[in-house]
Each structure stands twice: as C-alpha cells, then as structure tokens.
Amino acid sequence: MKAAILGATGLVGQRFIQLLNSHEWFEIAALTGSERSVGVEYGSAVSWRMETELKRKIGELIVQPTDPRNVDADVVFSALPAEQAMDTEEKFAKEGFIVVSNASAHRMDPDVPLMNPEANFNHLSLIDEQRRQRKWDGAIVTNPNCTTAVLTLSLKPIAAGFGLRNVIISSMQAASGAGYPGVASLDIIDNVIPFINGEEEKVQKETQKILGAPGQPAEFNVSASCHRVAVIDGHTEAVFVQTQKPASPEEIIRCMEEFTAEPQKLKLPTAPEHPVVTKVEQDRPQPRFDRGEGHGMAVVVGRVRSDPVFSGVKYVVLGHNTIRGAAGCAVLIAESMKSQGYI
Amino acid sequence: MKAAILGATGLVGQRFIQLLNSHEWFEIAALTGSERSVGVEYGSAVSWRMETELKRKIGELIVQPTDPRNVDADVVFSALPAEQAMDTEEKFAKEGFIVVSNASAHRMDPDVPLMNPEANFNHLSLIDEQRRQRKWDGAIVTNPNCTTAVLTLSLKPIAAGFGLRNVIISSMQAASGAGYPGVASLDIIDNVIPFINGEEEKVQKETQKILGAPGQPAEFNVSASCHRVAVIDGHTEAVFVQTQKPASPEEIIRCMEEFTAEPQKLKLPTAPEHPVVTKVEQDRPQPRFDRGEGHGMAVVVGRVRSDPVFSGVKYVVLGHNTIRGAAGCAVLIAESMKSQGYI
Amino acid sequence: MKAAILGATGLVGQRFIQLLNSHEWFEIAALTGSERSVGVEYGSAVSWRMETELKRKIGELIVQPTDPRNVDADVVFSALPAEQAMDTEEKFAKEGFIVVSNASAHRMDPDVPLMNPEANFNHLSLIDEQRRQRKWDGAIVTNPNCTTAVLTLSLKPIAAGFGLRNVIISSMQAASGAGYPGVASLDIIDNVIPFINGEEEKVQKETQKILGAPGQPAEFNVSASCHRVAVIDGHTEAVFVQTQKPASPEEIIRCMEEFTAEPQKLKLPTAPEHPVVTKVEQDRPQPRFDRGEGHGMAVVVGRVRSDPVFSGVKYVVLGHNTIRGAAGCAVLIAESMKSQGYI
Amino acid sequence: MKAAILGATGLVGQRFIQLLNSHEWFEIAALTGSERSVGVEYGSAVSWRMETELKRKIGELIVQPTDPRNVDADVVFSALPAEQAMDTEEKFAKEGFIVVSNASAHRMDPDVPLMNPEANFNHLSLIDEQRRQRKWDGAIVTNPNCTTAVLTLSLKPIAAGFGLRNVIISSMQAASGAGYPGVASLDIIDNVIPFINGEEEKVQKETQKILGAPGQPAEFNVSASCHRVAVIDGHTEAVFVQTQKPASPEEIIRCMEEFTAEPQKLKLPTAPEHPVVTKVEQDRPQPRFDRGEGHGMAVVVGRVRSDPVFSGVKYVVLGHNTIRGAAGCAVLIAESMKSQGYI
C-alpha cells in the first residue's frame, strides 16, 4: 500500500521515513514539503538527523507541494505544523484520503479519534461518526502529544485494573521533542527549561480523552508540570497515581507486565511484544539505555513504589518521544486501521 | 571568631571555604581531612572545583586529623560523610564544640535542630534540650538535605499563610549534589538518572520536621520523586501543593514576595535580602541563570499556577544546592546561633 | 562619552551592553536593532542570555533603526551581521562616526585596522590612511574573529621574542560563538561538529594581518582546523608553533608571563593586568574554570611542551570568545583609540 | 573456539562481551575479574553500560580469578589495567595461551606485534620471533591505544600511496575512553579537559611502530595534542599531514576510498567492507552519526583539504574508540591470527 508523508523534512517526518522504509505493508510513495523544498530532491531539502543513513531511493524523491492533487496514496501521514495542519488535513480528508496525523490541530475534535492503539483501540469507531458528520469519505485520525503517548500507555493497565482518580505527572523531556533546530544549545547545556508551550494543557486533556470511552473523556484529574532537559531522545516522566481501588506496587507491576491489547493480538507489524516493560533495577528507566526498547515502541517503567500522599503508587516511565510518542504511534494507528478495513 | 571545617577537601568543604573566605564574622582557622590528606598542604590535597581561585593563604594550611584535639575553633562546620559524622560530631560536641553539620547523620535526632533559618529559626531552642539530655556543653545543629532546603524555603510562606495538607515534589538535581567525582559522565550525558539513594525519604521526613514545631514534625503529607540531570549546580523542583485554606496563584506569589524572617530582620551577613524571589517570565527559573540569586542563598520560584488535582497550586522552584542547600545554609545557621548567643 | 550599539539584540550586542553598563568612560546612549525590534523597549525585544541581569534602565531604552540619523554617539560599536555591516558601517563612517566593529565585513580591507590591542596597537596608524583614501572623517576599526583574537594574543609574545615560521591550530569552540539561537542542541549533545563556515580562512588570514606590520601581513604560515564542542563560553585551541629562533618551553612560558603592551602601560579600563596567564597544572586551561580570567579579557595558556614535528613548542590556549574574542576586544580598541585622541 | 575475557567487568571488557556474543568463530567460555568479583555471577558483578542488553546466559557465568589455572580457552582477550597486564599476560603466554590484549603494557615490546590489522597485517610475523626469544608456546599480541587505532587506519592508505613525512594530530576524545566511572560529570559538562595522561606519547610512538616494518618503527614525525570532550563514544581527530610525494585532496580521498587490506580479502567476520569511509558533506564526520559506521569498525574521514603549512593535506577522522579503538580491533586481530593458523 502506498504511503505519503506530509511535512517530510522535519524531525517527525524523518522518523516516519525511517520507520516506513522497510515496512512490510506500506511503501513510501510521496513526500511533501514547504515551498522552499518543493521540486527539490528530498536528500538535498532535508537536514537529515536520524542515526541511520537516508536510503538513496528516498533521497532521490522529488518533494511535492502539500496538496491532494499531487499525492497518490492509500494512507497519508501528517507531520505538518499545527497551524498548517488544521486546514490541510481537512482538505485531504475531503478528497477521500485517510490522514493519520501527528499534529495537534484536530486531536481534541470530538469526532476525531485520538489514539494510542493499545490504550483505546475502540476509538476507531469514531471514524464512522466523523464521516457522517463531515460528509467525507476520507478520515482524520490523530496520535497524542509525545508526553501523553508515553503516559497513557503506562496508565492503561492501571486504569483497567484499578481505576484512576488522580494523576500527577512531572516530565523531563528530550530536545528532539521541539523539532529541528528546536532547542538552542545555549538554552540546554548545564540547564533545565521548566516550560514547554501548551504542553501541560495537552497532557491533561489528551490523557482524559484517550482513557475515556469514545466521545466521552474520562473524569479523573490530571495535573502536569513539563520540563526540558539535555537529552537527545526519550521522555522521562515521574508519575503519582491515586487509584479507585487500592493497589500495591506489586499489583501495579504485575498488571503492567501482563498487559497486552489488540495490536499485540493482531500481531500488527509495529506493535511491540510487551508494550509496557518493567525494570527491577532501582536506577532505571534511563533514556540512553531504555529508549530503544521494543524498537522505541514500548515504554519502560521502573521504581514502582507506594505514594504517601495518595495512598497510591508512584513510578517513573520512559518512552521514545519521536517513535512511540509520534511517528511510530501514527504508523501503529495506520496498521490498526488497516486491520479493521479502514485502509 | 575562629571556624574549623571538618572534611574540607570534598565539594561541600570547598564551598565552605569559598563562603567563609571573606566572611565578616568567621575566619578559617583549621581544615581537617581524611588520613590520605593529613599533614599535606590543603592546596595539594584538594581537587579544587570552585569557579573562583583558591586563596593562597588557605592553600597553604596544613590539613589536620579530624579530631577535637587538633582543632581550636569557636564553631566547627562539618562536611563529613554520613557514616563518619555519626560518631565524630558527637565527639566534638562532647568536647564543647559547636558543630554545624551538613551531614545527614544527626538530622532526624529529636533533640538536634534541623534548620533552614528562615523556615524554623525557633528550632534553635532545641539546643538547650539537647545539652540537658546529652550532658554536653557543645551542640550539634544540622542543615537539611539540599533538595529539602530549597523546597522548605519555598513552602514556608505558604505554610504560614494558608497551611499545608499535601505536597508532591519531583526534582531535577544537579551533578554537584553527588560530590566529586560523584556522577560519572557516562551516566549523565544524553541521560537522566531517576534515582538518588535515600533522597526521597530524606525529603519527605526532613520537610515535616523543619515545618513543624520544635520537637513536633508537621502532619501534612510529602511525596518525592528525585532525579539527576546534566546540570552542574542548581536543583530544579516541580512542586504540587494542596493548602488547608484555598489560595490563588496570585496570593501565593504575594506571600512569597513579602516573605522575610529573622535572618533578614537581624541582617545576618549571609541572609539574602529576599529569600524567595519570584519570576514573571514563563520559562524561569533556570539553573544556569538563576542559581546565583542572592549569592546562591535565595530560591527562585516561577510558573505559579492552579493545580487541577489538588485544587491548589503548582510551581517550579530552583536553588543552589551546595550554597543554600548545604554550606551556605550551615553558615547562616552559625550566624543565627551567634545572634542568639549560642556561639 | 556616549556609545551606541548597532545590532544590540544579538548575543554579542548583549555582551557589549553587559561590558559597557558600568564602564568608566563610555555610557550607553543608543541601541539599534532590526525592523522587528525598532520602536520596542529593548527589554522586550531581546532574548537576554547573559548570566547577569539586564539593568532596568537599559531595558527601557527604545530600540532605534540602524541609521546614522537616529544615533547620537561618540563611538559606535557594531554587532551587525556581516552582510548588513558592509554598507551600514560605511554609512556611519561617512557621517563622521567612529565605528568599532565585531563584523567580519571590513576586517581584511587593507586600510582598516584589524586590532587585538596588545598584539598590534600600532595598527591604529592605518586610520589616517583610511580617512585620506575614503575621504571621511569617521573611521572603521575592527576586532578579529573570536578564535583569532585568542590565538594572536598568545602568539604575540612568541612572535616578538622568537619569530614565527609555521603555526598549526585546532580549535574546540563554544556554542556561543554561533550566536543565539545558533547551534541546535540536537547537533551538539553527545557530539562534535567539525566545521564552522568560513572560520578557518578567517583564522589564517586575520592572524597574518594582525601579526604583520600595518598594511603588511606577516609571512609565516597558518593552518587551522575548527570544531564546535558542547561548551557554553570559551574557545580552547591546541597550537603547534615553529619559531624562527629556537625556543624551549621554559622560554616560551617566561615570555608569555612577562608580556604586557600599550593597553597595560596606559592602564586602559578594560585591559587585563596580565594578558597571557600561564598555568602549571597539567590539565588546564579548561573553559569552565578559566574563561573568566581577567574578567574574560585574558587568555590562559597551559601545557607548553616541546613539539617533535616542528622542533618547536605546542600548547593549549583558552579565551572567552564573546569577551576577549568579540565585545571586550572592541571595547579595548575604543579605549585605545580614545587614549590616542581618535575618539 | 573458546574465548576468555580477562578483566571482563570494565568498559572494554563489556564491549568484548557485546562483540563476541554472537560471533561466528568464537564463543565466550570464561570471564575473569578482580577479587571483588570472583565467585559472583557476572550480571551482579558488572555495571553494564552497553546500549544493548546483557544476555542472560552471559550474566549467569561465574567470574573467575585472572589465573591461567582457571581458564580454558583457545584465545584470551585481555582488558586488564596496564599495571596488572604486565605480569599476568606473560603468565598466560607462558602457559601456552594466545593473548590478544588491549592493555598498553606490552605494546612497545619489540617482539610483540602492535596491530591494527588493515595497517600492518604482516606484523604477525613477530610472533615467531617472540616465541623464540621468550621460549613460550603462547603469544602476546596487542591492539593500539584508541586514538592511534583511528589515526593509523586513516593514515595507512596515505602512507602506502604517498609516504609520510610529518603528522600533527589534535584529538577530541570521548568520555568512554577513560573507562567507567572514568570522567566525572563535573569535569566535562560545559567543559573541555586538555589533558589525558600518557596519551600523546602513546599516539606518537605507537603510530610509528604500526606504520613501520616489523621490528622497525617508521621514521616520520608525529606530534599529538589530546583533549577530552563531552561525547559518550567516538574519538574525533584533526589531522595535518606532510606527505613525501605531493598529493592533492582528491588523490587522498581516492586512495582512502579504494583502500582494502588482508582482513577484507580474507573476509574476516569483524572486518568492515570499507575500512575508511569518506564523506562529502562538509560538516562530517560527527560522533553521534558516524561512530556506528561498519558496526563501529570503520573510520570516517571528512573535510579533506589542502594544508598551507605542510603543502600537504588536512582532514578530520572519527572512529569508535571502544570498538575499532579497543575490543573490536582485538577481535579482528584474533581473526587475523586464526586465518594464519596462529589460533
């Protein structure tokens, strides 16, 4: 099946290319970019920042305008900036394209699935609703903000087993989350930046939407404090949880270890065997050693312990922000959609 | 007045030297060290890691054994490792010395003041109790763990104005907190370490002791998650607070800005004019730019905002971990003691 | 005397403000900026990145257009980008302004002094030539590229004492050399960038011009390899030197230690007492500990040792790239000009 | 064939394990360690710092004393510290073991091959001489210091094609070169350390030995300046070369690209297809992106350009210091020895 990537020169666009490059179902058929890049070979237009080499075949593709008329594809992955995504993604959906988007523009639209497949596979059902309301044959489906993707994957087994009442999360986010060039080195060497524009609101609302029923956000409270640290890839999150039913650290660990969902059952190509991996070492997870777990699609949880404030648990979770938290999640969504006949 | 520094070659010992070097009340009279250093000139024994030069006069002092018989001083600052501090500090107190200690060994002893002077100046009264019980003329007074020192200074105005019910804190701690050589570069470049041995327990208990009455720990709950990041100096802490009386972010900011205490009233030499400085810029405090505030003795608070979980507030606080969080706090304690006739 | 700063919002512009803020001769009278900033208070227009606070009085200055008609000043410091500097600086000189520039645009003009005051104070004489040829009453004088400023200050005593035949230099340059935002954190965390556009050519040519007679570049060879490393401030340079007369490491150290020049003799306010400081510790100089030497105006040399290739010496030199290597050097040039009646 | 690793808990020991873990010829049969570790499961004794997981089977091996009586192996890889290596390696050789060592102890012994296989495969012939002189059946063969391994691989094609007269090299070395814990984070964050004990002498002498004939060091001059930067893995080296016959940058690039040697011809398992990879991008090589080239066994060269001092060339070369520069090189040596019947 043919895949197009909108906004392919940015950091998430590059990650899409890396992940789709040898994908067993999808083949990269078109790359689009901003005016500056259109008509140029992708290899010349991009500041390639992945650790693996850009394949020559991809590097020779000519960058197309981000316009439905220039794209022929079974699925369209959007790595567009939020402002541009708003209209452009709708334009593609109207023309019948399936758009799986990493942009925040449509995430909170009630009829747009905001999906982290292991956490809310059933939200795919919103697509039918969306088509009816918007009168189009295409679809827009979104993946969460990077911090939310990591958080909700770790929360899902707890929500399922014990129910959630309150969640407090403090993040230590990687520089790659801000794109390229993104965070200036003068801002992050020997430093922490305790602010990421709009991030905390996204984490709070998106988490409720994902862990709720389709169309019905969950009602537990979420409070986030988001910070940037000197890390290339991998968001680390300290999480404090008050559950509805009491749960010991051991029970929490067990429910995480046993957790699998539809993507695992359907053996989707990008689904990690264990979506939530737990560590017994007391100083893990660490970005440099754990961000590659499950090819970047698993989250790694450590330090599950009792919390004296909530009489609940606290733990640390880590996930790869541009794989599980962005491009990888979107690819898994597309695989989920294909498995259900939407693509 | 003559000051001695026990364990003077470590990172906190060096900070003591830097702070006392031109102090208007105290003069460095003796430096002690481990066997390896005894008898050697301090300048040769130390791996000096301060940004300012070691003064020649200090560098030429001969390192003494850590033994009361080798020390003649009005006040003794202890930068000893915890294991060694336990017995050694008692030995000095028995010999009539006033020991102000950065070690954790005696912090939780009920009759030992654990002091952050602006937060609990009145705990000095425990000294009388201590002398009665321990039958000695000296005294042991301790400063808090670095993370706790920063936290409690920011909490004190809130506690005083609105009362505390629950406090959750997630830290991003500097490498210097682990001493020298301390954290290996292979562990912290492009990485976060989500574990600091014993730290969370210290933060939880010490905070309750400091913000309680003398001899009576406060009863609010504290839960901490502690992490190490690639920063030289300056601990950043994300704090979520449930107050007893409702308080808006504006009220919290005002009570912090207006906060002063005995050290300010007594114009103690090391007391910062404003112990809690608030920032309006949304991306502050930052370690590199704010750790020097009040010569490292003030904490800097930013991003005070409403918290949806506690219907309280959340904020970010930063303080210099080896100044306000260690040596500087100890010096301010000694100044407080002198002002009350204990030295 | 009144000073204006052209291009005041960039990193070098900020350093000019920091240095001139309490200068005994010059007072900041005007700040200019790009269209985006004109008419705005400086404090709002700038992303202030200095470690010291921006003074309120400066922050309230309204940013002016970079046009001679909007500026009233005895000396104009230019922190303009090279492209803009070319014409704009000439326009100011034509209107009679004394322009001291950090831009590279005019550095290699034969009638423009390229000055590192301790190295070539006598190049001031080119100003008369410049005025005659260009038929203007003003003047353009330039400071060197940051790497060259550090290098030539360390080479001057050697050139004077032993003559130079060949110089090879390999640099490890700080991120601040690229301005703000400048180097992306994704490019420098856990990385080295072995390329800085145009830098090596500048180092090679500027060094010959500075260490030659006025109007006559020196004839020794220089070869540079320039690299960017994860350091905030402070360029480190490994230098291999073939002298004309044989020189032992001890002789080189002595000639560096004894070196002073006109700025020291005239006691110019910004001149460091010892322009070249030597270290005996075998692991120095280091950026974090030595970049502040002489308030950032001295260079620090260490590891002077024999070189088996040149039968000469090799050493490591470090200097603060935005002080000695940019704004501080320009201020010292202005002081030199004033001392000779040019301002 | 059975392989033992001496000093298996250190950083180079870990790299040996990672490389041998799925090696087609060698199987890990024994791991030795210091007293502290002996008798303990390797997984508990080691601070595992590789990015890939430690295999369970290896983790369960019991650490043995470093004594020939406890080891049964066809080849012994030594990752011992230099002091210990001196005697211990001889003891193993006397007992008939083939020792391939990363330690510096025996590298400069005239009858011990110091090998970088693509550069001096023919030095294997020294083994016969060694056996005759030392009257043992075993053998000691060494790999170079990490910086030298990277340097000599890039120099070999130049030496072969044009001859070498002078080589100046300035290194920017990764933290992993100092082992674990090694470089303190307080020494390298926002810093450069311009000194590595003994390194420059090693680079100078080892380069001459490797690029000479067996038993006859080459006569060209080498001068090194060695520096540590904030990089995890990958040494970057700026190299200035005076050749005997004139060579243009294009000729140098061509001879590097066309370079292969016995390990490639023999298709040894660890030999990279292209030992010297050249880059056309002007800002490469970079440690983060290029250290994995050829599974860490190739060096990457960029920025080949004319050098005005030597009328020669200068370039930047990068290689993985614990793979090509240590364990990987040793494994390739063992493969070379096996191919010639020495194992």
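Here the chain labels run A, B, C and D in written order, and each chain numbers its own residues starting at 1.
Just so it is clear, a contact is a pair of C-beta atoms (placed from the backbone, for glycine too) under 8 Å apart; a residue touches a chain by one contact, two chains touch by 3 or more.
Because the structure is predicted, anything quoted here is derived from the model rather than measured.
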Give me the fewest steps it takes to get from subunit A to subunit C if each step has to go to a chain it touches. 1
Name the chain whose C-alpha centroid is most distant from the C-alpha centroid of subunit A. C
Report the inter-chain centroid distance for subunit C and subunit D in whole angstrom, where each centroid is the mean of the CA atoms. 41
For subunit B and subunit D, what's the span in angstrom between their mean Cα positions? 47
Can you list the residues of subunit B that touch 2 or more other chains? 189-190, 230-232, 288-289
In the complex with subunit D, residue positions of subunit B that touch it: 11, 49, 175-176, 180-190, 230-232
Along subunit C, where are the residues that touch subunit D in the complex? 166-168, 170, 172, 190-195, 204, 221-223, 225, 227, 229-232, 236, 238, 240, 282-289, 302-303, 307-310, 314, 316
Subunit B contacts subunit C in the complex at 51, 189-190, 232, 288-289, 292
